[in-house]
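Chain IDs A, B, C, D, E and F follow the sequence of writing; residue 1 opens each chain.
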Amino acid sequence: MKILVINPNTSISMTNQIRAALETIKRSDTELTVTCPQKGPETIESAYDEAYAIPPTLELVKKADRDGFDAVILACFSDPGLDAAKEVAGIPVVGIEEATLHMAAMLGAKFTIMTPRRQRIPSKVEHVHLRGLSHFLASVRSLDLTVAETEADPGKTKQRLMEVSKTAVEEDGAEIIIMGCAGMAGYAQEIEQTLNVKVLDPTAVALKTAEAMVDLGLCHSKVGLFAKPPEKLFK
Amino acid sequence: MKILVINPNTSISMTNQIRAALETIKRSDTELTVTCPQKGPETIESAYDEAYAIPPTLELVKKADRDGFDAVILACFSDPGLDAAKEVAGIPVVGIEEATLHMAAMLGAKFTIMTPRRQRIPSKVEHVHLRGLSHFLASVRSLDLTVAETEADPGKTKQRLMEVSKTAVEEDGAEIIIMGCAGMAGYAQEIEQTLNVKVLDPTAVALKTAEAMVDLGLCHSKVGLFAKPPEKLFK
Amino acid sequence: MKILVINPNTSISMTNQIRAALETIKRSDTELTVTCPQKGPETIESAYDEAYAIPPTLELVKKADRDGFDAVILACFSDPGLDAAKEVAGIPVVGIEEATLHMAAMLGAKFTIMTPRRQRIPSKVEHVHLRGLSHFLASVRSLDLTVAETEADPGKTKQRLMEVSKTAVEEDGAEIIIMGCAGMAGYAQEIEQTLNVKVLDPTAVALKTAEAMVDLGLCHSKVGLFAKPPEKLFK
Amino acid sequence: MKILVINPNTSISMTNQIRAALETIKRSDTELTVTCPQKGPETIESAYDEAYAIPPTLELVKKADRDGFDAVILACFSDPGLDAAKEVAGIPVVGIEEATLHMAAMLGAKFTIMTPRRQRIPSKVEHVHLRGLSHFLASVRSLDLTVAETEADPGKTKQRLMEVSKTAVEEDGAEIIIMGCAGMAGYAQEIEQTLNVKVLDPTAVALKTAEAMVDLGLCHSKVGLFAKPPEKLFK
Amino acid sequence: MKILVINPNTSISMTNQIRAALETIKRSDTELTVTCPQKGPETIESAYDEAYAIPPTLELVKKADRDGFDAVILACFSDPGLDAAKEVAGIPVVGIEEATLHMAAMLGAKFTIMTPRRQRIPSKVEHVHLRGLSHFLASVRSLDLTVAETEADPGKTKQRLMEVSKTAVEEDGAEIIIMGCAGMAGYAQEIEQTLNVKVLDPTAVALKTAEAMVDLGLCHSKVGLFAKPPEKLFK
Amino acid sequence: MKILVINPNTSISMTNQIRAALETIKRSDTELTVTCPQKGPETIESAYDEAYAIPPTLELVKKADRDGFDAVILACFSDPGLDAAKEVAGIPVVGIEEATLHMAAMLGAKFTIMTPRRQRIPSKVEHVHLRGLSHFLASVRSLDLTVAETEADPGKTKQRLMEVSKTAVEEDGAEIIIMGCAGMAGYAQEIEQTLNVKVLDPTAVALKTAEAMVDLGLCHSKVGLFAKPPEKLFK
């Protein structure tokens, strides 16, 4: 099967990092393309950033549908443009956040989401609320690093991830830790071994969810929330 | 005070219609500017339409902030780009949906939202859920008309509004009817008189909410969910 | 427009204080009357106090309706008698708590309510729950002062307000602080400037909400929850 | 044990009817006093009626506490003044609505509340929401009779109760029917036998709950929500 | 009336302890039988333990129904097999957890559940959520003792109960403490006197609830959730 | 990978049917074993049936863990024994209900669950509530057939499935239909094509979810809700 992974920001290095990580876990019969838009913000840390990342991302989604891909993954842990993408696509579109939240809810009583900036905590809480999974949420905790810092300083990122995860486990009762930013994915295994909790890498979870949907011949329903948008004039 | 009303779609006629309606209700000391973006969809009927309407709308929001406006109103009943607008603006930004849902919750036990297309019902329900007001929701009911038809055929629109509102009152227990599309606003008074329920025109409610906020010197809080987005490279 | 503000307790000094505060913020075309019942408790700090404050307050509401007022405000942050007042009145009745909670929900992700006595915390939480806004609630925090002490010792009140607000911001993630008692209103500005969060004065918010409702020609719906009570014998 | 049952309205005939019904079900070691206030509305059908019924009811509660009663029951299915009564009393106060809703939640998946007037439906729904039991609520259905008509025309009341209960069972999935007004209590058994569902008489349930509390030496907790109101001046 | 109390584990000593405690509180006209299954786990501390305790418990429930008992109580604070027991029985079956949670919700704003092992906290939280009572839950706190240790070391159990209850009251705002394990029941009174909060012994609450149901002629409804299971082949 | 699918009832024919269906959809590198216990009920239609099906099912789960399976699937749409199975297993255990509910929540706004018997509707609603997904639930609708009839009369089953699904789509707004019983799985495709909605076969969804978990090296967290049960005496 052919799966397109879209990193909705314009960072080539992060796109490469995602590709490298997914290559190690994809099925042998999965043909993977990992790309990013040419226009838009280099990192996505606000609703404002999302707003400008979405239209070019949707162009890539539409192209994937026309080009015969079997599924699309939006690889940013806030699922920017997910509803719109499902509307325009006739193939499954998987958000890494939604796939991961639902997976986490099957694996334990409480999960904690790690997020780079403190200001995004309410937004994460809201997303969990919207999906109905609030009672599975132990906490959202921030590294107090920008996404750029997360990428630039691996040592500090790892140290912060480890200490904040420890707090989540000990104080919030987290049984599962969700790496809420692509830049955190590489540290999952070490945290898992040190703290004895499960750690989820959202991009990997989304890839496996997409493969499962394609195997099942599934797509989102096109008769209601994700119906094809009516044709109209765009100025 | 100076208030900018942005119709997030690119329909000049709808923009004019909103301006005309608000002129009759604005305070004498309110200086009103009603505008719309030059690029984007002519009507907004899907998450997809919203995605393309938001960036040009945000440009207008930023300009309003720079130009010394006291408040901004987003005049589309799905509040497209509201969170992002609040992030970038240092002045109050009022979504007509949020202002109206909160007003409705003070006026009765149950409200019904009238929406043009059936496919948008789940999206409206989701918005109400996100605001915590689900137990005030009698129903979302559709006219089964496109936004364009709503504008083009006033006779049919009025007839459908009247019969669907009647059903909402009699079958769903609605005490309040919300006109969930700018094209419906002109019929509020007649429905109110015929059915003896309160009918809310969201754009008018939002204008008064904005005037109230400016009088109070209020703005959204800038330390959390609506903090200023971090500076970064936009390609 | 003519607006009656009822302080539901019998404290003349608090009534004067409310009048003075509102005079500075009312619109020039708003004719304001601020009054309080002649019978009932001097402060309202329990459901028991509310029970005895409500009937004389309702008499004032009925008189306001007969005397041609355009709206009534109940100026006690637990909205005592609000539902009953809406039933008997044909004009808008605004509770300062309901108006403020809905306003706060538009201004940030999380608000904290300051309340004088610790024992009223559960009651405040319940009110927020009843309105569906629990997920906007960062916390309810008490000054551990009686309402009388709040009035009598401004220095201590200010100091407690400042330190408790700081805790709310730092530990509970509050983006907005609600002054949950008339006696706290005078300190809003200083807290706002010191802590960089928004601080809401409920009486002021309610006045502006009432002005907005009158401008909109709105009243609560009279066909359901707030229908006129049936006539009957009162012994 | 000595239990005081207060009918919060001033109808002597309804008070007598409650006494007669409870005498048949009380334990032999329970000494029952059934009374009503001398002032206030003859029936309670609105928040307005409740407001005037509560203060004289609270006087009876305080007297019961002084006079050595072991428990008090408020016998009106909207629990008027319940929180205030718990505050002033050092003995258990049982509301017939709260006792019955909690009992119903143990007896099946869904209950329906029968209420006289259509306009009170939202209020009943709100009470269930406040107690957290919304997902047990099949429906609230009205007889479309005033409380006075319920008392005056037993034939019509019985017929309406039977047909509305049948609808609740067949259309709403009710497994349990709650007689939401003292005037309906006498018909419970016949509905139970005809429709094969359980029918709860709230006053009887409350009596047995009160007896249970007294046996257990239980009272509401006095350290938080139901703490004794602070002393103060009542004008 | 004849009531059968089933301790679902196979510990004779705990069964004796329950019997002794209930004998002191049962009504004089209540004939009490306290028993436990002959097969199954000696203590119940996991869903796994529950799974093996349930079938022999159900055999005792069926026998009680055949033998003319008026009600059955399941005396383990996780209500193992409660739904199944209600299905097969034509007499009331009372779970000590459900009876106690509903009683607690009438007695204060917030309760804390004491549980032996930390790992069962999420399970308790889930049970409260399922009953809709989450907003009454101050916390679930563990003694960090196994059930066996609770029984074996009364001194340590008492000390831990006292210190953990104190934390619940001071940090979580608990107004009521629920002894979430039969082995804790004996310490209720001392905690109540020391901390000035109400302490509930679930088995006692369930006995009184069962007596109330029998007096009322009540049973769970047999037309829906608790309908008799269809006959079928059991291999 | 080696996956064990346990049909928790004792019906050989249903076990064979599940095996045949999954063989057509399993990955080529998945080694599938489908089995059922030798003791227990032939169909599972009540909490009572579940109670007796669970212990022999858990024995099979424990054996699978010892025998080196990579994952276990519980193939009955009420997930009997799922929590206990997760406790005793060190490998992922997937319930077909939980996997399907979470998948459905990603594919549309509203799903309907088809269930054989009317009496199980409340139980299904409760399960959805417990998972937090109530706002995705359009309805639970019954075929009014026993599980045995579902198996015995394919013609009638198909006709009922088609007409009930149609009602779910047209009256309840279902965008997705979940075949809530193994006996319904064969009709998914035809309903999907006729009604233009997505139809989920829970066993297939669970298989793909299990394959995804194994690929990801995931298991449920063992530090909280699903911790290993403490050792103890089983009589």
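Please note the rule applied: a residue touches a chain if its C-beta (ideal position, glycine included) is under 8 Å from a C-beta of that chain, and two chains touch if they have at least 3 such contacts.
Just so it is clear, the structure is predicted and the values come from calculations on it, not from any experiment.
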- Taking shared residue numbers divided by all residue numbers at the interface, is the value for subunit B and subunit F over half (same) or under half (different)? different
- Comparing each of A-E, A-F or C-D with C-E, which pair has over half of its contact pairs in common by residue number? A-E
- Message: What's the distance between the Cα centroids of subunit E and subunit F, rounded to whole Å?
- Response: 30
- Note on the structure: Taking each chain's centre as the mean of its CA atoms, subunit A sits from subunit C at a distance in Å of 43
- Item | subunit B and subunit C, separation of their C-alpha mean positions in angstrom | 27
- Message: Going by the contact rule already set, what residues in subunit F reach two or more other chains?
- Response: 108-110, 121-123, 126, 129, 134-135, 173, 175, 223-225
- Name the shape of the chain contact graph, picking from line, ring, star, complete and other. other
- Query: Quick one: in the complex, what on subunit F touches subunit E?
  - Reply: 10, 38-43, 45-52, 54-55, 58, 81, 83-84, 87-88, 117, 119, 121-123, 126, 129-130, 146, 148, 223-225, 227, 229-230, 232-235
- Query: Which of the residues in subunit E come into contact with subunit C in the complex?
  - Reply: 108-110, 135, 173, 175
- Item | Residue numbers on subunit A that touch subunit C, as the complex places them | 121-123, 125-126, 129, 134
- Query: Taking the complex as given, what residues does subunit C use to touch subunit B?
  - Reply: 25, 27, 94, 98-99, 102-103, 105-110, 131-136, 169, 173, 175-176, 196-198, 200, 204-205, 208-209, 211-213, 215-216, 218-226
